[in-house]
Amino acid sequence: MKSKIVSSLDAAVADIPDGARIMFGGFGGAGFPNNLIQALSRKGIKDITAISNNCGTREGELGIMFKNGQVRHVVCSFPGPHANYFQERFAKGDVTCELVPQGILCERMRAAAAGIFGFFTAVGVGTEVAIGKEERVIDGKRCILESPIHADFALIKAHKADELGNLTYRLAARNFNPIMAKAAKFTIAEVDEIVPVGAIPPENVITPAIFVHRIVQAKGLRFQG
Amino acid sequence: MKSKIVSSLDAAVADIPDGARIMFGGFGGAGFPNNLIQALSRKGIKDITAISNNCGTREGELGIMFKNGQVRHVVCSFPGPHANYFQERFAKGDVTCELVPQGILCERMRAAAAGIFGFFTAVGVGTEVAIGKEERVIDGKRCILESPIHADFALIKAHKADELGNLTYRLAARNFNPIMAKAAKFTIAEVDEIVPVGAIPPENVITPAIFVHRIVQAKGLRFQG
Amino acid sequence: MTEKTRLTREQIAQRAALELTDGAFVNLGWGIPNLIADYLPKNITVYFHSENGILGMGRRAKPGEEDYDLVDAMKVPVTLIPGASIFHQADAHLMSRGGHLDVAVLGGFQVSEKGDLANWKIPGSKGSGGIGGAMDIATGTKKLIVCMEHNTKEGTPKIVKQCSYPLTSLECVNTIVTDLAVIDVTPEGLVLREVAPGWTPEEVQQRTEARLILRGDVPQMKLA
Amino acid sequence: MTEKTRLTREQIAQRAALELTDGAFVNLGWGIPNLIADYLPKNITVYFHSENGILGMGRRAKPGEEDYDLVDAMKVPVTLIPGASIFHQADAHLMSRGGHLDVAVLGGFQVSEKGDLANWKIPGSKGSGGIGGAMDIATGTKKLIVCMEHNTKEGTPKIVKQCSYPLTSLECVNTIVTDLAVIDVTPEGLVLREVAPGWTPEEVQQRTEARLILRGDVPQMKLA
């Protein structure tokens, strides 16, 4: 079988085209595919739609992509207190932004992963989030209709990978990564360590190999908030 | 904190009332809470709605409940080739049955767990399953609206539990159990082994304690198909 | 009239096995599809999915090796290959319904010329019937292969203009492998790709209700 | 006019901590709520939930003990207590939105007499704003406590007839703990349960836009 492992970060992102819709894992400084983000920025990608909980920590995490003007649209829940490059681009109108409640962001990605074409939820009813969305009362509760969020690629960070693409995560660095791995058409994982096939006990696999298409080993890179 | 552990199977099911909606884990002979089912039947419960992938293997698994006429309605995907007591009751009209595609059965339970009030799926479109359901085209695809499946109780089978209610499962005995634990208002787990708090590594917990309300240790009981 | 020899169920499975590609994630249904694992080409690795929460199912367990917590969707004790993973049933069907499985091979009662599949209930049959995982798998999988006999025991065609049996899923079948032919469902209609050894396209068409499209010479079915 | 002394942020947290019960699964939001963990009654165990996928968060990590893969929703390195579990963010919010969390304590800009909460955006503020997990948590949790100052720095009431700030969730708040009072949201309206030491119900009402219901004598706020 063709190996999913590539030897360089640049090779890992080489075929991601301008204009792609890309999910980026990570939350609170943990679980960001920082090396892949750096490589993606380095290659000069343009006009991407970024789906991510937040919008970078100064130049760190997604920040570099905003600094360099490589993002056209963002779907996120909380840009974050240090997302200054995003805020500058947003103020200038270079970047548009759809704010989504965090759990609904997860759930809309999971819907894409699970072949769900839309779902009703009470979250967001009566708020700015509900604007333009179908509303109905179900079981006595006001609900709005939310749609799946699809992506061409997911860039994620995992702890261990075997050569087939089975993944584990460290502690709270798990966060959005397993959901994005499932939701995107093509998932690229940056990992701390590559282990032999069979080294991860089947019951402890968090992301099964079917969701992972490319793996690259990279030394951790972390940006303090 | 009040312990979730009870010392007998009969005590574990004592407060489940007649007419309750109950989810039962298990698939293909693995992961059935057989001891809890026996206790529930023994206590003479009546008129339950059973939500379960199948309807028993002769007297085994849910079979005893049908033999004794304790089930009024079933929501299932595949009654199974040896569900003779169910089929007898069904033929007589003692039991009604809603057949649900297996993945949609999981998904409707997960919707109940996740605060989702309904979802659109392409599964079942144009089939008997779609009868009476709202249909619309989304993203070029014909979809039907499915509703959450709630339950008062889930009876599940796990492998290890700590005293707080964190659970692990053995191999394919996992199946429906983690979803039902999340979906029901009150979850009772029959487990092989009770381990000290902290003995299950946090990253390996499959069902977090928040979803588990009562635990009873019981020696495995398995019915061959 | 004595009919010519048709392929056996094992031969249907053998032919269908050739449709699987290296590295594919594959679900096999009840009946003929379940025989396919025994006929995999030697040079490829395929990862079998089971809807009860297994990816990387291996061969059946040998006597004495059975672990009844490790069974496939037919309740048969199986083994795991290195790199296998275990998950719950909702994730197993997220894989099927969500379009992650590369191939599924299911049995069938009827397939229509549009690729509609009927495989879960015989009209007029007694009892409750049972759907199982087939609707999710048929609807979501990237490539769906149906393995079945070309005709019922009574000789009625199972490849039809429109299904009369209760449907499993609409426009879902990509390829049909029978004891007489390999047929692809295309936007233009059913294309006869191969015929069983000793059979002509005309003879296969006679035993098929839907019209079969011929594109040049139709070769014999490969069996290894 | 010199105002009487109000409770400090720490005292608000201290009072709110008394609302937590043994064995409860609890999410604490930004601001005052985040101080509550330091004031838990000694005789109870509470399991703290973090929306990035932790149940059973312990105290903050001490210097040298930090693991930046183990942070809370505010990005602060934390520890785990025995019996903690880790899961992905979708399951973390399944817990919040699905009604599994017993209590959430959030900060607030405004709470209406019906229990509507506004806590994510100040009207006219620059930039994109940010929602985070508050909408899911406010909408789904069994019991929602809001901790906030009773009035803005300018003295404007934050407990209002109708929220003028962008809403977080409708009819979601159960209890409000401020530097002046403890107030319960009931079907009849806002019930003044306790007042800060040295304050009268009338003085609290004067600083509240919504009408407060008094049910007999209103005791002083407990602080331990």
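The first chain written gets the first letter, and so on, giving A, B, C and D; residue counts start at 1 in each chain.
By our rule, a contact is a pair of C-beta atoms (placed from the backbone, for glycine too) under 8 Å apart; a residue touches a chain by one contact, two chains touch by 3 or more.
Computed from a predicted model, the values in this text were never measured in an experiment.
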Set of chains whose contacts include both subunit D and subunit A
B
For subunit A and subunit C, what's the span in angstrom between their mean Cα positions?
35
Which whole number of Å gives the spacing of the CA centres of subunit C and subunit D?
56
Once you find the CA centre of subunit A and the CA centre of subunit B, what distance in Å lies between them?
33
Enumerate the residues of subunit B that touch no fewer than two other chains.
107, 110, 114-115, 121-123, 170-171, 174, 202-203, 206
Going by residue number, subunit D touches two or more other chains at 86-87, 93-94, 97, 139-140
Each pair of chains that touch: what are they?
A-B, A-C, A-D, B-C, B-D
What residues on subunit C touch subunit A, complex-wise?
22-23, 25, 44-45, 47, 49, 55-56, 80, 82-87, 91, 93-95, 97-101, 139-140
Contact set on subunit D toward subunit A in their complex:
50-54, 67-75, 86-90, 92-94, 96-97, 116, 126-137, 139-140, 166-170
How about subunit B: which of its residues touch subunit A in the complex?
107, 111, 114-123, 138-139, 141, 143, 147, 168-171, 174, 202-204, 206
Within the complex, subunit C is touched by subunit A residues 1-2, 110, 112-115, 162-164, 166, 182, 197-198, 200, 202-203, 205, 208-211
Which positions of subunit A touch subunit D when the two form their complex?
27-31, 53-54, 76-80, 86-87, 90-91, 97, 99-104, 106-107, 109-110, 121-129, 142, 170-179, 206, 222, 225
